[in-house]
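What follows is a set of structures to go through.
Below, chain A partners chain B and then partners chain C, in two separate complexes.
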Partner chain A sequence: MKLTKTLLASTALTVAGASAFADGHMANEMTIVSWGGAYSKSQQLAYHDPYMEKTGVSIINDESSAEAVSKLRAMNEAGNVTWDVVDVVAADALRLCDEGLAMEIDADEVLANGDDGSTATEDFGELLVGDCFIPQIVYSTTFGYRTDMVGDTPPTDVCAVFDTETYPGKRALEKRSINNMEWALICDGVAKDEVYDVLETEEGQQQALDKLATIKDDVIWWSAGADTPQLLADGEIVMGSTYNGRLFSVIEEQNQPVAMLWDAQIFDLDGWIIPTGLSPERQARALDYVRFATDTQRLADQAKYISYGPARKSSAPLVGQHAELGIEMAPHMPTDPENAKNTFLYNYEFWADYRDDIEAKFQAWLAQ
Partner chain B sequence: MTDRSAAETTGPDQFIGATPDNALRNAERADAGPVLAADGTPLKKSLNRALRLSKLRALMLIAPLLIFVVVTFIAPIADMLFRSVENNIVADTLPRTIAALDDWDETTGNPPDNATFEALYKDMYRAVEAKAHTRLGSRLNYELTGMSSLFRKSGRKVEDMGEVFQDQFEDLDGFWKDGENWNALMGTDSWLAAMEGWDTSDKKGQPPFEMRDGLAAMLPQTATAFQDYAQFIQRVDEKNLARQDPWALVYSALYNDLTSGADVSGYTGPAVAELQAAAAAVDGFETVDYRAAFVDIDEDWADPEVWKTVRLYGPNLTNGYFLNAVDMQKTPQGVEMRPENQQIYITLFWRTLVMSLAITGMCILLGYPVAWLLANLPARSANLLMILVLLPFWTSLLVRTSAWKVMLQQQGVVNDTLVWYHSTAVGKILDPVVTLLMNVVIGALNAVVWIWNLLSGIWGAVDVELFTYAALGFERLALINNVTGTIIAMTHILLPFMILPLYSVMATIPPVYLRAAKSMGATNWTAFWRVYFPQSVPGIGAGSILVFILAIGYYITPEIVGGTKGVFISNRIAYHISSSLNWGLAAALGSILLAAVLLLYWAYDRIVGIDNVKLGG
Partner chain C sequence: MAKRSTISKSAPWIGAAVLAVLGLVTAGPAYAILGALSGFVIGWLVFWIAERRYRDAVPSYYTAGQTLWHYAFRVICGGIFVFLITPILVVMPLSFNAEDFFTFTPEMLAFDPEGYSLKHYRDFFSNSDWQNAVRNSIQIAPMATLLSVSFGTLAAIGLSQPHVPFRRAIMAILISPMIVPLIISAAGMYFFYSRIGLQGTYLGVVLAHAALGIPFVIITVTATLVGFDNSLTRAAANMGASPVRTFFKVQMPLILPGVISGGLFAFITSFDEVVVVLFVGSAGQKTLPWQMFTGLREQISPTILAVATLLVVISVLLLMTLELLRRRSERLRGMSPG
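Right after this comes the complex of A and B.
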């Protein structure tokens, strides 16, 4: 009978465990989804730790932001959303909002006022894209190059990427159409303010692909943000695109012979969304967290650990020195005037409308 | 029964003694009416019950596993595969449009009539409220480029389209502005009373809307539109219906009802005066040309191709995803190949197959000698070797793949070693020698070709390309981000799956067979090829099946080292699942892959025989 008892006991335990799991959350836990790596670390130090200390809520980190849209869609279909707050880029936030997978936010009601007294709407300004997105940082996708592989004439122009004669060697580009198509058109002689008009047409899309085809054999296509820094550090490529914060850590933290090519950097936003379908208690807690994590001081704090610009105007004066390296962070921000001489703002509406079309063409082109 | 000796049990009674089976048979043989059990029921019945109980107990023991497998493995796979043909989204989102399109004659080359556009307005309005139109646009974009942006653009503007009616009703009488008035008109008295008594802090407790009797008969379109509005606000938005104002859609429906001869003269319910005033006024209302309004948003709505695509993908089941998965496309003109610059899947399937076979072949070549050593070395050295074989199993897959990246990249270990070798004294001496030898061989081969040509009557020089290291790209070999990288890394990662079955089969082959063969005069090769090898074939079979089936579905290693040319179909499936969100196509590709593996397994069974596969012993 001992065996029977053991069996019964373990079955009971499994059932109890499973039901606890199905419930998803202990009373005092919340799951926050982000990108992992140095970025999650900066959030842990600037947001999660102080919040846990203040409220006693324990935060579980999930590093699934790259698949956030597909996973949220699946969770929504299954009727069991296990995430409380999700960190996504603005384009994904728009997509989630369009499909009703993210909760609509009234910025002034949900978010704290700035330290300088401005309302949230004023403080975030035009960065409040869509109805669901709560901006957190401004980052840019830009190029870094090996200073020891470009001879005496370091590149100053983004079109150096397409100039394999002056700068021989491999380049790293992201394995998707967004950003690459814009750069290709700019370097094919299209004026900056006409890029999206051209890209709207079939001929324009073909023109961009043709330009990319001139360097197709010289490109290593990356899909993870860590790829380009690794390739640069190993000397595999002469230049490559990635997020500016990744390049900062290669240059300043790892002291590699790499420099930034800020020209034609493309600004993008990253921030929070709260999924729909949470219970009222979980939703209230998620809103409370987001209010805390996006106040003026918290956003400025994050810039101590990573070189992404805070999304609030009122946070900018509070950006200080790197917590460990002790260097001034302001000159490393993509929004610094010295770096932002020639910039490009990700056109959310255009890409929301044309992403399906252009991405399908680009992927087919890539595979051939 | 005691008088029957145990020795009398015959036939199937292999077990002698009082087993339930023997008892049953003995009872039958006794042929003296049913034998009764102690409680008076026939023994047969009682025994059957006991047997059923033990069977049930056995089933209950495996039930947790069975349920686990069904719930977590078979059901999700079946659900995923079903997505490859499921196409509810079009009919669910545009039900009225699909119905209206039935009457459209697409051969005229004209877009459908105004009624279809009006149906589209009604469907789109609801879809925009429910946020379903962007997904529908993405879905139709798989079949016709431009559909996604068309639906998004229209979705942004469709809410304004019917506002003409709303404004006119509201200008006519302020009564129509207020949601409360609408509720009083449309809802039953008992529902209105329940709304009054509802404690608004209890969000889930809002009394569901009930339509007043007779309204659906008098104002059919308005009733439907209002019902949908009320249901959406209460259920989906979870807002207080008393505080909301109706959709513009409700106003256009009311206009339609009143202009199409709704008889409100006999109506006696609430707001009778306002309703009758409206009925009198609507004939003078400005109206909306839905067709012009849609074409104004985007002229693609005037393109019959758009409508043909909507109609073509109206049914709830589709073969569109499967056609897409083999680079084909269902068009209004029938099934045809996709444009050449979009054809990628057949190439990818073929590449996956060829590369998986190449990897399996490499694993056999490299694994066979290792397995032979394992089986034939003394135990001490064999154990050490075995640990080396198993070591990769204990290392993370990502670590192993990343290690290959370090090894194979252009500035990696292999290339650095080669560059270093060419710079050493040995390399400097050997390089010219190798170059010379290679060129002698090339020269000789060309001479043969030249003579052959001469004999065949062709007179002319043969193009000779001399060997140089530079021509080989020798400075830095491209070993990664291409097919080579994938094959090297995957061969290494899958090698243990070849070695272990081979070893377990070889360990059972007695070494005396080889000695016997040699003692009878066989050479080493003959003894191996005629005696040893045939006995090891079952191991090769088992290893090949394992390696091939694992390889064909591999994802992470090709993703990291394969670049664009060395990726498998599984990478495409992953892309469609997590990035492009085309789950239907991913499911179709997955189904084809599954079918291909089953087909190959079946072919293998017919040719080699699955009984000849051994994992051991």
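Right after this comes the complex of A and C.
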């Protein structure tokens, strides 16, 4: 009896102590979730460092954006949300918003006006997709190739990826259906504005998979943004798709013999969401951070460190030179007119409706 | 042992020189070294076989089959050794890479000093993410070890008393963290700790790691207790020592080797663990393995290799110190070092 009492008392004490510890621990820290690598570094320099200096809050980085949706679901289920601000792609933001895991944002109320006096809604324009998403950058998924492995005729057309005769060697493609299906159809003779009409149909999906099957033996499938740069630097592949900022880093910062193939690059958006279920103080701080980090100057600052286009129109004129290399950043932006001759905007509605279906088919095809 | 001719003595060096020059001319300095090594081995091997010197090491009554097996056995052992050690060794030169990739660059292969740099080591020591991870690991692992050793030893002593009811069932429950797939324990701990406010706290991670370490301590201590003579504790009690005093003065010194090796396992478990900490910890408790894991996935940076090299060096030093201490204490006790 005495033993039981002691045990119960000590357990209660431990739990009480632990929760006191937990509360004290959260006081002046915020956890910001992002993608890691060069991207997190650019955010650290452009947003986190000045914000910490301004407010004295200390920011902890968690590189979990890749599994943000599942982790937020688990946190919500456990009633214990430990993240304050989360960096996700627009498609994930839409899913989180639909599930009630991300807070709805009134852009004009929460976000700062542009430097040119425009309201946030005008400044971000059509990039404000969904009710919860706070856009940060425009990036593109595009191809890079080894300049020393393509002979005298460097590729200028995305269909070079499917041309193993002219450009023999391995290619790296992302291990998912999105983007690959579009490229496959374009290179199978489907007109650009009909791609999604074709992809809606069973035959269209099969057509895309059949086109991918012609190079299946030559493909290395990647799942992390760092894979393709590593494979290109190794000379393991002749060309591969990845985010344009990663390729910029390989070409300009690491001086590897790699060049961009901007043709048929696919634009996508990346930005912030604030999870639901935060305490009022944490929510207020998260909102304050987001307001700070997405103002005109801050968004332009990020472009000093990585070649992603700022989401605000008012930031574009402020984009200057790379912080360390001193080269002009504008020609490296995916949105630069030279690079954006032939582009695609990731079709949110289409993929929201067809993603599960096509992805299942694609993965089954991969496993064959 | 047969007298060796001059030619057979110099053959390895001749082979080394020939292949080194060949390697240097055709491929570069790195291949010259490779050529020298393989030339030495080939030159030695040719005469070793031609002069039947392989007979020297085995008793003269061995049949051809037995001789073959004698050497085959050694080759297999060597092969296993190479298989185990190569992945650890190959990362070491790569950690001095001047590029930000896991690649042997042409400069490195040419032994050009330009191809090498300490920048990944500098990055490790100056990057706050890595430094935080080191600090967290150093704060978590010893606390978790202390808890596992205390609880594990107590549990092992209790469970080795014959009069304890349900001994096997209790033992099975305590050892289950070792048997249940880690991901299951981790998910369970995540939801349980979230409810009681331990998820994402230092204490939570320490407790989770302690739970993982306890089975190792129980197993090693139980094993040493098998050889423990219980009449010693009775003798101590007979002389008026309290149970606590008996434990620290009589029992503990005798089972200490089991406790220490259990503690070592518990420490390594906590220090190497990545699955549970990903669930139970939050970014504030990012440990070294966690940082290495995200580093590998998001940014294939050779800083990871620099960290791996440092960890290998530290482990080797640690094991050497332990071994030296062991020999010293054996010498002091008048035993010959084993």
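Here is the rule we use: the second predicted complex is superposed on the first by the 345 of 368 C-alpha atoms of A that agree within 3 Å, B and C clash if a C-alpha of one lies under 4 Å from a C-alpha of the other, contacts with A are read in each partner's own complex, and residues count from 1 in each chain.
Just so we're on the same page, a contact is a pair of C-beta atoms (placed from the backbone, for glycine too) under 8 Å apart; a residue touches a chain by one contact, two chains touch by 3 or more.
From a predicted model like this one, the values you see are computed outputs, not experimental measurements.
When the two structures are aligned on the shared chain, A:Val69 is found in touch with chain B, with no touch to chain C.
In the superposition on chain A, contact of A:Asp234 is made with both chain B and chain C. Residue contacts after overlaying the shared chain place A:Ile60 against chain C, while chain B stays out of touching range.
With both structures placed on the common chain, the touch criterion links A:Asp210 to neither chain B nor chain C.
Using the contact criterion defined above for the overlaid structures, shared-chain residue A:Tyr354 touches chain B, although it does not reach chain C.
Look at A:Gly225: by the touch rule set out above, it reaches chain C but stays clear of chain B.
Of the two partner chains, chain B is the only one touched by A:Ala364; chain C is not.
Chain A uses residues 66, 234 to touch chain B in one structure and chain C in the other. For chain A in complex with chain B, the touching residues are 11, 66-67, 69-70, 73, 95, 98-100, 170, 176, 220-221, 223, 234-236, 280, 352-357, 359-361, 363-368. Across the complex, chain C meets chain A through its residues 99-103, 129, 190-191, 194-204, 282-284, 286, 294-295, 297-300. Chain B makes touch with chain A in their complex at residues 64, 130-131, 134-135, 137-138, 141, 145-146, 148-149, 152-153, 203, 341-344, 347-348, 409-412, 481, 559, 563-564, 567, 572, 575, 577-581. Against chain C, the residues of chain A that register as touching in their complex are 15, 17-19, 21-22, 25, 29, 31, 33, 35-38, 40, 60-64, 66, 74-75, 77-80, 82, 224-227, 229-230, 233-234, 254.
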